[in-house]
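For clarity, chains are labelled A, B, C, D and E in written order, and residue numbers in each chain start from 1.
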Amino acid sequence: MRRLSIRHLHITLVAGTIAAIMTMQTAAVAAQQPAAEAMVIERSKILTQPGVFGVFTMFKLRPEWNKIPATERMDSAAEVAKLIEKHKDNVLVDLYLTRGLETNSDFFFRLNAYDLAKAQTFMREFRATTIGKNADVSDTLVGVTKPLNYITKNNSPDLNAGLSSATYTGDAPRYVIVIPIKKSAEWWNLSFEQRLKEMETHTLPTLAYLVNVKRKLYHATGLDDIDFITYFETNDLIAFNNLLISLASIPENKYHVRWGNPTTLGTILNPENVIKALSE
Amino acid sequence: MRRLSIRHLHITLVAGTIAAIMTMQTAAVAAQQPAAEAMVIERSKILTQPGVFGVFTMFKLRPEWNKIPATERMDSAAEVAKLIEKHKDNVLVDLYLTRGLETNSDFFFRLNAYDLAKAQTFMREFRATTIGKNADVSDTLVGVTKPLNYITKNNSPDLNAGLSSATYTGDAPRYVIVIPIKKSAEWWNLSFEQRLKEMETHTLPTLAYLVNVKRKLYHATGLDDIDFITYFETNDLIAFNNLLISLASIPENKYHVRWGNPTTLGTILNPENVIKALSE
Amino acid sequence: MRRLSIRHLHITLVAGTIAAIMTMQTAAVAAQQPAAEAMVIERSKILTQPGVFGVFTMFKLRPEWNKIPATERMDSAAEVAKLIEKHKDNVLVDLYLTRGLETNSDFFFRLNAYDLAKAQTFMREFRATTIGKNADVSDTLVGVTKPLNYITKNNSPDLNAGLSSATYTGDAPRYVIVIPIKKSAEWWNLSFEQRLKEMETHTLPTLAYLVNVKRKLYHATGLDDIDFITYFETNDLIAFNNLLISLASIPENKYHVRWGNPTTLGTILNPENVIKALSE
Amino acid sequence: MRRLSIRHLHITLVAGTIAAIMTMQTAAVAAQQPAAEAMVIERSKILTQPGVFGVFTMFKLRPEWNKIPATERMDSAAEVAKLIEKHKDNVLVDLYLTRGLETNSDFFFRLNAYDLAKAQTFMREFRATTIGKNADVSDTLVGVTKPLNYITKNNSPDLNAGLSSATYTGDAPRYVIVIPIKKSAEWWNLSFEQRLKEMETHTLPTLAYLVNVKRKLYHATGLDDIDFITYFETNDLIAFNNLLISLASIPENKYHVRWGNPTTLGTILNPENVIKALSE
Amino acid sequence: MRRLSIRHLHITLVAGTIAAIMTMQTAAVAAQQPAAEAMVIERSKILTQPGVFGVFTMFKLRPEWNKIPATERMDSAAEVAKLIEKHKDNVLVDLYLTRGLETNSDFFFRLNAYDLAKAQTFMREFRATTIGKNADVSDTLVGVTKPLNYITKNNSPDLNAGLSSATYTGDAPRYVIVIPIKKSAEWWNLSFEQRLKEMETHTLPTLAYLVNVKRKLYHATGLDDIDFITYFETNDLIAFNNLLISLASIPENKYHVRWGNPTTLGTILNPENVIKALSE
């Protein structure tokens, strides 16, 4: 009997909440949509704004690539550069070299675009280039940038200040690392306040590495089989190793269902040099 | 001794229940069979009726596809359109473009049919087309639509009303997402009332997204290695990301053995344009 | 000290039991061997007897199959029919069509034989046929039939009677489903009486489906990486879906380490028509 | 404070133990090395001695094998026989037929050798034969035989006597089964006495099967990603199925991280006949 | 209320710690960077210093390798030797033979370099050699050496002394074993003192094997999907098997998420002989 009356109460509360949700939350959702049409691609802006889609595509060359005449392979560098130029108003294209450091890829793209369909079109056209036709996609990660939600000025003023108190001061980063993350149902079922506390514990040991590791975050829940894509650039891989050990040594790590798998480590070159390195 | 007498009681109850089950439940089972023969395919009807089979087939083009002359590749669009026309009284065919957004597929089909064998025949004949012969199946999901069983007018009147109080009002959806789901033995062993309560908690945060995310559900237990196929269309992927975070943040998520793996994200085009995009 | 004396007792019991086991259990084991030599294959008998080996072999056609001239592909139907005829005194051969419904197979065999080596020989010779040479084995399941051990007349008279009180009355089944099962160490460590109780709970909801779903069980522990192969035929896939939901909703499901993975769904045709369908 | 003083005690004990370990245990380790140089291969001896390496290599023929002229395929049987003869002073070679019973292999080798490098050399040379060049390795298991460590005369006299009280009396075994095993950290962290107790419980139900199932054990921890390779020969697969159900139904099974995966079931033929069966 | 005030305290502490961290820890991080530019490769030094990158790359020959003329295959040994010579100021190259002992590889490299990008360049150029073009990468492990952090003179003086009290005295090792390790979130969330205690328990049973097993450790957290790469050389595989059983039998093993998978076992030859052995 008691169970039934609790359920009755539950239903009443539900009924009371529905109307409110139908108006309020819808508005909030709509407010997060970026004004995609109005924007042009500017590197410094698109890499810091919310509402930007990120597509990471890892490629592995097929053995047939080696059978293409060397000059044709080298020409592919210009072909890809031309394609990037063609799409420059729609997609910001970065290319990285992983051959020699990874098993499942030789190079990978990071695309940033206000409209995901535009990134898809770029990638579809890349697949029709000489190198694209001789490579297999080994992994694709899709995410979107969003405003900070935990360590904000309101929620956590000191850590928020800490995050802005230092910037990268090392040599130009030569290395890139991409680590996809999926968190458990237990994590998502924590209250916001509990998750905030864990993210404060997460943020504290990372402050010391602001000077030698750059980071960027994409949200992926529902767009892909992961929750986050974390992207790093550094010139100091030992500092990076220490940073990641710090992040392994806190309670948040217990909520990771997937952290890496794959971790992708590559070197940072301009797109033409990546293709040339693979054409030698 | 006490254990044995409880078992004795158990056996007596079993004996008492069998006759009733043999008549009652059989009738109920039979009643759910759709009158497959009598129906013709009408998009608006078949997409809302129970008793309709859904077959999702993901395809990845083989490298050989690029070696087929461009005109022959382009002709394949008409060949597929003709095949769809030939089967139009038996199967409703939708085709989506995933190249550039997914690792394991370039395009995928959703077939809706009153008779599963008819969907199988369509797919078998597609495999004999030019593009079908140059593509590998990377995933197949089979399910069937059934009447609502949790959030009905009787079980949960307020939420049921909430579900009908809003419809999609966004721009024509450009994106499709397919997410297969398998639930744990613990979920299926909950009482109906417990599962109803969890599904109410599931439904509440989804109401706000009725205006910008369309959804459809297929049941798959025993037909496939999953329990459900969830299908979404939207033009607002950030709203969709927020919706899926909401669904991750409730207790029901703890009963997911599989949620995605793969999540398939594609763009919505008419079938001929999908083939053409892959033929360029 | 107490631990040691318990162990001493344990050892004494062990010593006392060994002689008895060496005579008794060996006899029981020997008694289960079928008189393989004496039997000829008769469909209705071999499909109901214990001591019969079942081999399920799933095949996926290679792309090369499409390059074989159409007439040669069609001739393969007769070639396979002739092979089945040649082995008809040793192996009962069934063939099913999965293309269009499964990712990893296009067709599969079920072989029933009193002598497993004979089934192996048939399959080895099939691999040398035109279609066999152009197909890859994607899965093999090996099991053997045994007498009922839980729901017998002695253990569970009412359920045993229920099982015989109804038979399949639907249209000729058009669909086949094969689901391999592995149970946990916890299951096998339950006492026989506990497992009997769970199997009674398992059997009760299945009674209503005797009229529209046929079933058959093969035991596989040690012969394969599974414990059971469950085989179903039906013409009513919605009833089948309901049956499997019933079986998911009982405690026994908590002991499944593997249930499906893969579930194989196909259509029932005579062997020649399966090959013809794949030759079109 | 109490924690620190316990740690202090711990460190003192450590210090006290190191010198002893450095002399004692090293001697014990050295004593287990077999006098590899002095021995010649004799089947009955090498299959019963400790300190013998076992290499199991599973092979799957590539489709190209079928395109080799039939006479050349048949000649491969003699080529392999000659290779076995060449290495007969270094490696004992057994070959088994799995085509028709397994998905991932068509045949497999068991090599026994006093010197692992010699087994490696044989296998490398096999890879250069006609059949070796047309087959892919699908699995490799490496282990070594060691003296009995649980059910010895001292530890468990009655069971030890039971193990010697019966030998195989069935027909010549026609079937071979290989099952790799990995045990959990929990198993290895049990005390020796606890593991002995579990192995006694393991051994008891196996006694009845001494007459119809032959067994052999290789240890693999650190040499491979498993702890044991269990090898069986039998002519009675139903007895074998019952034996494995017995071994599933004891507490030891709860410590299995991997048991099979793959289980490999094949038929026992002399090497030339295995190759011939695959050449038809 | 109490929860909020604890959180308040937490925030205050956070604020107090940030400034200190920003100066102190950053310095510590920077101090760990090796002076990469200044060093030349010297085997005995690079294999004992911290701050050295290790890249392990496993290769599997494609079937096409057998179709290359035998002399061209043999010439590949000199081609690889020349490449190693060319890079000798940047990378220390070791090559091992796994064909015959492993499923997924035929040979593997261990590269040691002060600058990871230099190791990448070597590997990229190897991929352009005759053998490199005919082999697929089956696994890559990337790590870096660091100073001892648990069993130091300060933390654990007796064990530290034990580690230096014996060195390898066996015959030249003929075998190499590489085992990647990943530890659980629970491990990394232990306090340093708890982990030190577990590592002492880990170290104690390994002392006896200093005389017949050589070891080396690379740290990999964040650089790869593992935490450590453990590398062993031995001529006594039975001693090695005993050592690994010892390491399985301690509590630390319960914190292994991955231990091996794959374990790679090979033989130690000079690079030219590895290629020659694969060219016969």
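The criterion applied here is as follows: contacts are C-beta pairs under 8 Å (C-beta built on N, C-alpha and C of every residue); 3 or more make two chains touch, one makes a residue touch a chain.
Keep in mind it's a predicted model, so treat the numbers as computed, not measured.
Engineer: Using mean CA coordinates as chain centres, what's the subunit A-subunit B distance in Å?
Structural biologist: A distance of 28 Å separates the two centres.
Engineer: Which integer distance in Å separates the CA centroid of subunit B from that of subunit E?
Structural biologist: It comes to 46 Å between the two C-alpha centres.
Engineer: Going through subunit C residue by residue, note those that touch at least 2 other chains and give them in order.
Structural biologist: None at all.
Engineer: So that we know how the chains sit together, what is the shape of their touch graph: line, ring, star, complete or other?
Structural biologist: ring
Engineer: Mind sorting the chains in ring order for me, with subunit B at the start and subunit C directly after?
Structural biologist: Listed round the ring from subunit B, with subunit C adjacent next, the chains are B, C, D, E, A.
Engineer: Under the stated contact criterion, what part of subunit C meets subunit D in this complex?
Structural biologist: Subunit C reaches subunit D through residues 7, 10-11, 14-15, 17-18, 21-22, 24-26, 29-30, 32-34, 51, 53, 55, 57, 62, 64, 116-117, 119-125, 127-128, 133-134, 137-140, 142, 144, 146, 185-186, 188-189, 219-225, 227.
Engineer: In the complex, go through subunit B and note every residue touching subunit A.
Structural biologist: Contacts found on subunit B: 63, 66, 97, 99-103, 156, 158-159, 161-162, 165-166, 174-175, 177, 179, 193, 197, 200, 204-205, 207-209, 211-212, 236-245, 248-251, 253-254, 256, 260-263, 265, 267, 277-278, 280.
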